[in-house]
Structures are given as structure tokens and as C-alpha cells.
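Chain IDs A, B, C and D follow the sequence of writing; residue 1 opens each chain.
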Amino acid sequence: MVDTAGSPKRLSKDEVMALVDEHFPQVHEGNGRVTLESLAPMTAQVRMAYDPRSIRPGGTISGPSMFKLADFAVYAIILGELGAAALQAVTTNMTMNFLSRPQPGDMIAHARLIKLGKRLAVAEVELYSDGRPDMVAHATATYALPPAKS
Amino acid sequence: MVDTAGSPKRLSKDEVMALVDEHFPQVHEGNGRVTLESLAPMTAQVRMAYDPRSIRPGGTISGPSMFKLADFAVYAIILGELGAAALQAVTTNMTMNFLSRPQPGDMIAHARLIKLGKRLAVAEVELYSDGRPDMVAHATATYALPPAKS
Amino acid sequence: MVDTAGSPKRLSKDEVMALVDEHFPQVHEGNGRVTLESLAPMTAQVRMAYDPRSIRPGGTISGPSMFKLADFAVYAIILGELGAAALQAVTTNMTMNFLSRPQPGDMIAHARLIKLGKRLAVAEVELYSDGRPDMVAHATATYALPPAKS
Amino acid sequence: MVDTAGSPKRLSKDEVMALVDEHFPQVHEGNGRVTLESLAPMTAQVRMAYDPRSIRPGGTISGPSMFKLADFAVYAIILGELGAAALQAVTTNMTMNFLSRPQPGDMIAHARLIKLGKRLAVAEVELYSDGRPDMVAHATATYALPPAKS
């Protein structure tokens, strides 16, 4: 059934992950495989698996790994909203506040779009250590969207 | 001879890299080995070697890799200014603006501290593709410094 | 009755506004009187009255006015949590994303602390035009807290 | 004669201030009259006059006033580069780091564009108290540019 309230291009989380695995497989490498756990209009939840390579002194997760997780969560929402036409969306701004040291384990991102315009999308992301209540980091991200085809 | 104008704890770039290699060897893994090319009061230049794992669709360098480079450049300056006492300094804020797609090659960070307080250090970082004139990304970073020992 | 779950210094919204009116009356001047509409642990809602001086071409509210509103909302929560001891808290970072043009009318800030540490407090703030559903701007702010007295 | 190195639309500082005074006179109100002291390709220097209304407890200049100064300095450069066609440019992101308390006096902004794209312009701004060497605040700003007419 067509979601008449939203975009006809809206994708499921499996469709988004299929696009990512085809066009963007490197996201899983380097520091922690990512899984889109849920996707709903304007929001997503993403898990990043524990990877010893992303550990910093003291046993914590690295900042670049948290950047990757936050950035990917926003990208996934945008793909979910706009479909493959948005594969060329690019991050133009990322602001991260690091609040406490994450545990050495999986991390979870809760992301939501707060603006989906014609040219820019803006999102905020909360990062948690899996199973812990305190927010570990907070991010806001802006993506420039590819021009719509006419 | 003691540097009377600056901190008596100020380190050379070789001393900073020795600290990093001992306490923080993971920085070289994952997406591009880093080299502290120059270190002077309040400033540093850092090179990140090309690593195919940090490539994104279209042949560009990943955002997390650029985050790592910017973050490390600031950390190196702080170690240079404050010595091993600052190994526990932690990033509290990182704001990045991505300006253009980097080339698939080495990247260079030009970083400078704009504040070195008792509790916080603030820096700005310009990122370039090696040999290219246009700035690829700009970052501002805040580190919380460990309390001084009395 | 003492709030045993929270800080014994936690203040009511009237107590916070009394502190503000005594120590910080300028906040009401310049571009829109502010009112603390509600205050609860770690959150606050603040209204900024319409003021023709904060209007920009096209009838919208100025960025500096929105900065003032966001900044004040966070300050009010910190005063509510820590009392007069926190009057000297200072903003160290403010990141604002402007999402859409606000209406020429009152603006409402919904703010919450996402970290209240010993040295830093971090908050996020959503700004709305009164009575409108779409977020107009989003802010994250960091305050440096005055050292606790021993 | 056409300026073959730059934009044929590039304006002088007097032309920029004439546009501002016609379309944006409110910038002088509220908290400190602004003067474009110099304008050159991609850079500008702006002075904000001392105004008692922008004073905060302790005699310092308010955050919103510094926001206004930084934001205006970037807007002036954009008008200088693109002319009246850019009057509708809007700030989409402003990140400010506050480094030290400004003196109660004039403030000076040194701003430069680090990207002038078709859709976005990005700038960084250093703020000083007039006559003092230490940077008081640092800002990065993004403007969305109006679509070019075809």
C-alpha cells in the first residue's frame, strides 16, 4: 500500500541496507559493522558493533568511530525518505559534543531528521553505549541533497 | 635551555610522536597512518597517508578519516605544549565543515590552538589534499584538559 | 520539602527569574523580553516576546535574538539545578542550525540539559514560533561551570 | 572594466553598506552599530561600536552581540562577492566558541570566506576587543545562497 502521507519513494530498512551494501560497503570496515535496526519516517536506530580497532586508551570507543555511526544514521534516514536519488547526498556540517566515555561494546544511535528541505537536510543524533542510560555523545549533521531531477 | 617565553614542558615533535606511539598506537590503524610533520608553539602540521579503506564512493576520503586527522592534529599540539601530563585530554566538541571532495591521496592538516586555558583548549584546523590549494574541510575542536597537579 | 532525588540547591522558576532579574536584567532588553514558562529537572521552556527591533527583512526574527533565547534557556536550567553558585557560568560553545524562517511573533524554546558535569554542562534547544509545529532552529550549547567551592 | 580575476558583480565596501542601510537598517540597532572597515576579495573587517545595552554582568559584551557581529561580517563579504543578488542569503549554521571575556569597548571581526559555492558559502570569523591581541571568540558560519537566476 502506498504511504499517501509521505514520499512515494520512501524505502524500507532492508531496501536502504541493500543500497548501502551495494554502493557504500566500506562503511562496515575500519571500525565497526553498522546495522540499521529500525527505520521510520524521519527517524532511524543504528547499531555499531564493537571492534577492537576503534578502542582508545582507557578502553573507550574512538571519536572517528562515533562520527561514522552518527553520519551513517543520518544518511540512512535520508535514503529512506528519498530513495536511491539521494545516494549522492554529502555531509556539509557535523557538530559533535562528547559527553562521557563510552563503554567498550556496541554503540546505538538514535537519529531524527529535523529538516528535510529541497537542498539541505538537518538531523540530530544521540549516541549511547548499548544497554546504558546516559547519552555518550550528541551530534547535529547537515547534508546537502543532490538537485532533484526535473 | 629552558624556553622562558613558553612552557618548560614543551615537547619536540619527536617527543610527541614517541608519546603517541607508546600510548595511542591505534591512531595509525584503521584509516591512514599519521605523521607529525612540524610542531611549533600553538601550531602543528600533520600528514595522513592515503589508505584505500578510507575511500568513499566517488574516490573521496571518508569523513571519519578527516575527523581523525583533525582531532589528532589538535591533540599533538596540546601534548607539545603541556607534555605527558596532557595525555588524558579528551575531545569535548568537534565541529567540521566539509567544503569540497578531497582527492584520493594524502591529506594535510594545518592546526593552531586559539585558546590554551587551564581547563579547556580550543583549536581550529584546515584540511587540504596534499599539493592542492583549496581547503577541503575546516574544523574547530575543544579539548578538556586534565586538572593540573598541585 | 527538600527534593531528595535531585540537588538540594534546585530552584523553582520564580527563584531563577528573581536571580536573573537581579543579576542579569539586560536579558530583557534589546530584542524581546524573556519569560521562564516552566522549569523541571534538566529541562525548561522559555518564551521570548515579539519585539519589532528583532525583525529582519521579510518579517522574520533575527539570528541574534534566537541566540539570546537559546542561550538564556540553558542558563535558566543551570541556575535551576545549581542555584546562585552558577551565576558565573559562561557559554563556551553555541552551535545553531537555522531551519526555516520564524514568524513575526513570540518564540518558544524547549531546552534540556544532556550533560551536567562538574566542569561543563551541555544542552540542546529546539526553537519554535509560538503555535506552529515546525522547528525553526536547533541549538546545542556548552557552558563552563564555576569551580565548586570546597 | 570587467574584473576578470573576480566576479563582475563584486561591490566596494561603500556599495555594500549602501545595500545594508537600505535593506537591513536594523543591524545597527539593538546592540552596537556596525561599520565595514575594509572589504577585499573573500575577506572583511567589521567594527561593532560599544553599546551599554550589550553589556553582561562583569562588564562584558553579550553573546548575541558577538553573534550579530560575526553574522554581519560574513553577510558583508557575500554581498561584496555576489552583489544585490545575494541579499536573500540566509544563515543556516553558526558555530561560536567563546574564548575569553571581551572588554567593554568596540569589537572587531576579521572574517574570510573559505568556500563560495553555488549553493553554500562558508566562512570563519575571529573576534577581538579593539586594541587587544587575544582572540575573544571564533565563529564558523554557513549561508545558503539564493538560486542564481538563469
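Quick notes on this one:
We adopt the following convention: a residue touches a chain if its C-beta (ideal position, glycine included) is under 8 Å from a C-beta of that chain, and two chains touch if they have at least 3 such contacts.
In this text the structure is predicted, and so the values were computed from the model without any measurement.
Between C-D and B-D, more contacting C-beta pairs join the chains of C-D. The greatest centre-to-centre gap from subunit B, using C-alpha centroids, is found for C. Work out the mean CA point of subunit C and of subunit D, and you get 25 Å between them. Rounded to a whole number, the gap between the C-alpha centres of subunit A and subunit D is 33 angstrom. With centres set at the average Cα position, the gap from subunit B to subunit D is 29 Å.
Chain contacts: subunit A has residues 92-93, 95, 97, 142 touching two or more partner chains. Contact residues of subunit A toward subunit D in the complex are 92-93, 95, 119-120, 142, 144.
Taken together, the subunit C residues at the contact with subunit D in this complex read 23-24, 26, 29-31, 53-57, 62-65, 67-68, 71, 87, 90-98, 101.
On the side of subunit A, the complex with subunit C involves touching residues 95, 97, 99-100, 114-115, 122, 124, 126, 135, 138, 140, 142.
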